[in-house]
């Protein structure tokens, strides 16, 4: 956020540098059941993001002291491939991915009926193969498909989406340039059925009105994304092509 | 990290008791829902640091030290100083903290505090250039937890901005001119809320934190801008709850800010 | 890394079945002994990388990305670029992979792939000097396993040379002149064999790999030269077996090389 | 030890740069029971040193292979805050703190009736918040207060103190400049009741006579420090103010 | 392999820079039972290599999840002393030593009757005190002596040896300069009784004919080396001097 | 690190036996209380190192190698070379040593050896400046334990000063003039004592070490100065015992020093 640039991010017609309207999503493409070894898996392309996710479990949690006698422990691991960004990223977890893994784990836990599987763990792996802003929300959107694909019982299928502020305008689903030079970013994950918020972060500089406008935009977009998730899952069982 | 069994039993009865009190509009330590624990800030506790603040928020005690040293700027920001935030959950402070490199709790804490400072542009980093592209001042915000009794986010966020506001750039030590006060432009303050049942309380203490289903930290500045948010724990908030929490954090943050700035003035005179 | 007991039982019956098939000259997936699984290479899968290749070898899927950045040469080779190979066995790809720093499997994999490329002088490192002794291009070959279903050596070795052959040196990004194609001189291809009982099969799948007594990887280039070998597992080979394996690898490698180069040509047009 | 300087560390009147006589201690201030979570705790200011210590245990030692079937295992951890010194210290243990943690653990073990608590561990944490030479002996002095505060049975309350050689003169309780530019440092920990030595290190360059003179000085000073420890513990139960 | 040099590695008489013929080994000296603490040990000097090896076990494998219910787990650890090479090596395992430890472990496993000791581990330590090319094959040659010295039942005593290509000539047992500037290196380990190959690596550039010529040379040399191993073991029980 | 139960039983009977012997003024291996085990020093064992010494002290065997390379001086000592000491307790040397980064035993050992050398100013670091503030010689003292049979402090301290006294600064390798002998000014020797019951014995072997209640190492130089002390283990010494130990260490150190210098002279001729 907040790097300086002379670039204009919103043009005179109110369009964004990639030609989108303020409340317009980037193209999204989803696929489930893409991996053989994993118990569940999903792949998502969202703008320039390419993210693959896998689920293993539930199985007995190991080491034992990690077991929760009352519920399954959900452990998400967000990881970026070293070649996923312009400047090569050193392999292994950095502080950012540690934090994202934590908040994603917490968000996914909120929808899983974990009390059905005490003492177990459910591992969720989110591998960012190509990054283009919004990886955590794209990742959580795909991860919930992978959980569904693995047959994990859930009370809803989580949708992630972000909004933010760019050149003073509240916009949906920031791309990389908007993320770098914009004024605020609000990543959020929603339970579409109830509208509950399972993940919420924000950084930048926003008034109360701007922030709620951004959250309204996300809430609206989440419905579309959720429909794609549902169609993707349905099409898998009907043997259809990918959903775009 | 801890014995989940015995914790479970204690938590259960605590939960019942805390919820009973909440029905009556009060809390386990007698506060009302928006009431913050007593806050005491001791500026300049560590004189060897360039800035420091010992924060006591109820029984929670944290020490934030600021060190400032010359270093290389990042290639993409040659005309800006650097800030970095680190938190040590030393095992002195709690039986649940373990020695070793920062775990996910410490990393999240440091990053949330960092975001509040960074995104509010609290430090005027452009004033921290010694030689463009070559040498800038690096501001290290180091958080040391001493006694963990709930709500580290707020104690540490308050300590960080207080210590920064109190810091001197030690230019003379490095033969780089006269020392000067670290330029601070904004005063971001995090306020954290815990959701317990259907109630949402500010500045949760350890008991409340241990049974909360969800947590939300909102960092706001003296202009009423929102600079950072972080939701935590495995529960959820409704959209309405989030809106109310943001509004409450603006009010509470304003009160806390007076405390931070008040103390600083005392210190300066 | 895995449950050795249940593995043991499954392996036993698998072993019997696979050996029975071998007596009839066939394999668990219907291939003959020298037949490689279907190979699909998607070039340029990751556009943010300077070169990349998604390799599907049967059900095994790996993604190799090449990043190229300026850096310092080694003191003893001031007039040569640098190449380095790293493999991540991310736990997404298999229940037997664990998070954390590369274990011995990942290190061996990366080093065997590296040796094939390096010893065949596949990259013309002398063309990667920016300023002698000061600045050269560093080529990072990063291997990301996506779905582990046997024979990573070949999938990764194929992906590495394909991604290199597809890579552009991003000189303009660093104001170092025009971008240019990474100069590739040779096309080394590893072929791996597994010994099961008295039989030796090419490109073992996961079932075969899990019961094999010994493994041998031979990397050969388009001129019929042998550039690297690596024997693995706790069994042995006779000298005669090794000779036959080398000969078979020369043939099979030639077939695979066509696939790599064919795809590249498609990509270029 | 032994960095070169033109600074005179002892003036013509035999006084040190902070005005002290050779056998004079710096001001010391102690407090016990300062932390809520810990089982025992103590805080000490000793010259410019500010050190807080905590004790947890005895409790079952973990992991199990660390258990001693005959006695409690005492594990001290000496740690310096990154801002405790002029040049920022990287967080985490360095070789110096590993060594100090070891010798402090051994010294504290010598007074604890560990056979009363087989298979347990007692953790002692020493956090140096501000450092000004003599942190290990100040730390051990405070740590034994924290052990007493935690109710750990001990045959004595250990006192730490250092002496050394500066400008050729044997002096008590080196400050930071004396430590940097002096010729020798002798940190020691004593059981005041019996005079036994539980911790002893030395580095520098001393004759036998100088060394024993330094040890004599420490032995003398330890009596005063011990009295402060006793007063501090007493005052806690009487509810008095800090002892200075 | 393959560093460039103007040095001629084979002279007009077909001799190598250390005066050897192409198929000539460097001087080798072996000794067993050299360490007191280890269950078995051996020392080897091979050219300029000085390598000491030790064996501990079989004993219960720890941690438990490392146990194999059917056989002993052999864990070799190849390590170079930091002063063993011209440019000081940072202590601790690097990627090369991790790989070598793995292939050596596998090779040694092939001769040990591991099914006699289920659930145990046998540790083999190979410490390179001075390195001069061919350390892994010298190490494995000594390690199998140490295993014999420890009384571990084996179906053969493994011999390691390397060959390679230098100035276009296939040569036995490369020295350091030949290793640095040569064109290929083929380290191999053989079971002398059956001629089975337990370790085989190769890097460089060789035709099929060159490679098999190199392997032939190794096979021939292995007989001599094996005889030295046998003599060394015999002499130990007769109390003789070292075998050279 | 070891089986504490069986150790306990063995230690108990050993303790009794050793104490019985002590009553008669002798030790388990027949030495008297101040007698050091046979000491053999092989200089220049590792010719690739700039200096080295293989030390056999009874059955304890350690190898110390000295490497010397150009490097940057510390900012606060621009006109001095650098020395650094590292000890590897490789698991080859004892069933109680574990692979991995140096544990507290290795760190203590390295630091005690280092202090002896450093505080006696054994190396003339001012002679090791190549270019003031820019480049100095860095002396790495690397200790490799080969066979651990008690009293590593003395074996390693002896090995360190012997290897240094034997070391050549490899200036010509770096085109920095002629090689020269590392300038050694002093010969510090550590002598370690173990307290067993009421007896204090010099150079404890493994059996004695395993039952000792306290340990004291005193490093003295050829001028009779004391340069370093280190007390260890969980027992205590009386002040009188410490005084006696210091005096004994001065005498014993003097004998050992002859051995070190004697051997060196042999080597030089």
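Each chain gets a letter, A, B, C, D, E and F, in the order it is written, and its residues are counted from 1.
Throughout what follows, contacts are C-beta pairs under 8 Å (C-beta built on N, C-alpha and C of every residue); 3 or more make two chains touch, one makes a residue touch a chain.
All figures in this text were calculated on a predicted structure; none of them were measured in a lab.
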item: Smallest count of steps, each to a touching chain, taking chain B to chain F; value: 2
item: Those chains which touch chain E and also touch chain A; value: C
item: CA centroid of chain A to CA centroid of chain D, Å; value: 52
item: Inter-centroid spacing, chain E versus chain B (mean Cα positions, whole Å); value: 58
item: CA centroid of chain B to CA centroid of chain D, Å; value: 32
item: Between chain E and chain C, distance of the C-alpha-averaged centres to the nearest whole Å; value: 27
item: Chain F residues counted as touching two or more neighbouring chains; value: none
item: Chain contact graph, described as a line, ring, star, complete graph or other shape; value: ring
item: Complete ring sequence of chains beginning with chain D, oriented so that chain F follows; value: D, F, E, C, A, B
item: Contact set on chain D toward chain B in their complex; value: 35-38, 48, 50, 52-54, 56, 77, 79, 81-88, 91-93, 123, 125, 127, 129-132
item: Residue ranges of chain C in contact with chain E within the complex; value: 4-5, 8, 76-77, 102, 104, 107-108, 110-111, 115, 118-121, 216, 224-239, 242-243, 246-247, 250
item: Of chain C, residues touching chain A in the complex; value: 45-49, 52, 59, 61, 63, 65-67, 69, 86, 88, 90-95, 99, 101, 140, 142, 144, 146-149, 173
item: Residue ranges of chain E touching chain C (in the complex, touch as defined); value: 1-3, 67-70, 95-96, 98-99, 101-103, 106, 109-110, 184, 186, 191, 194-208, 211-212, 215, 219
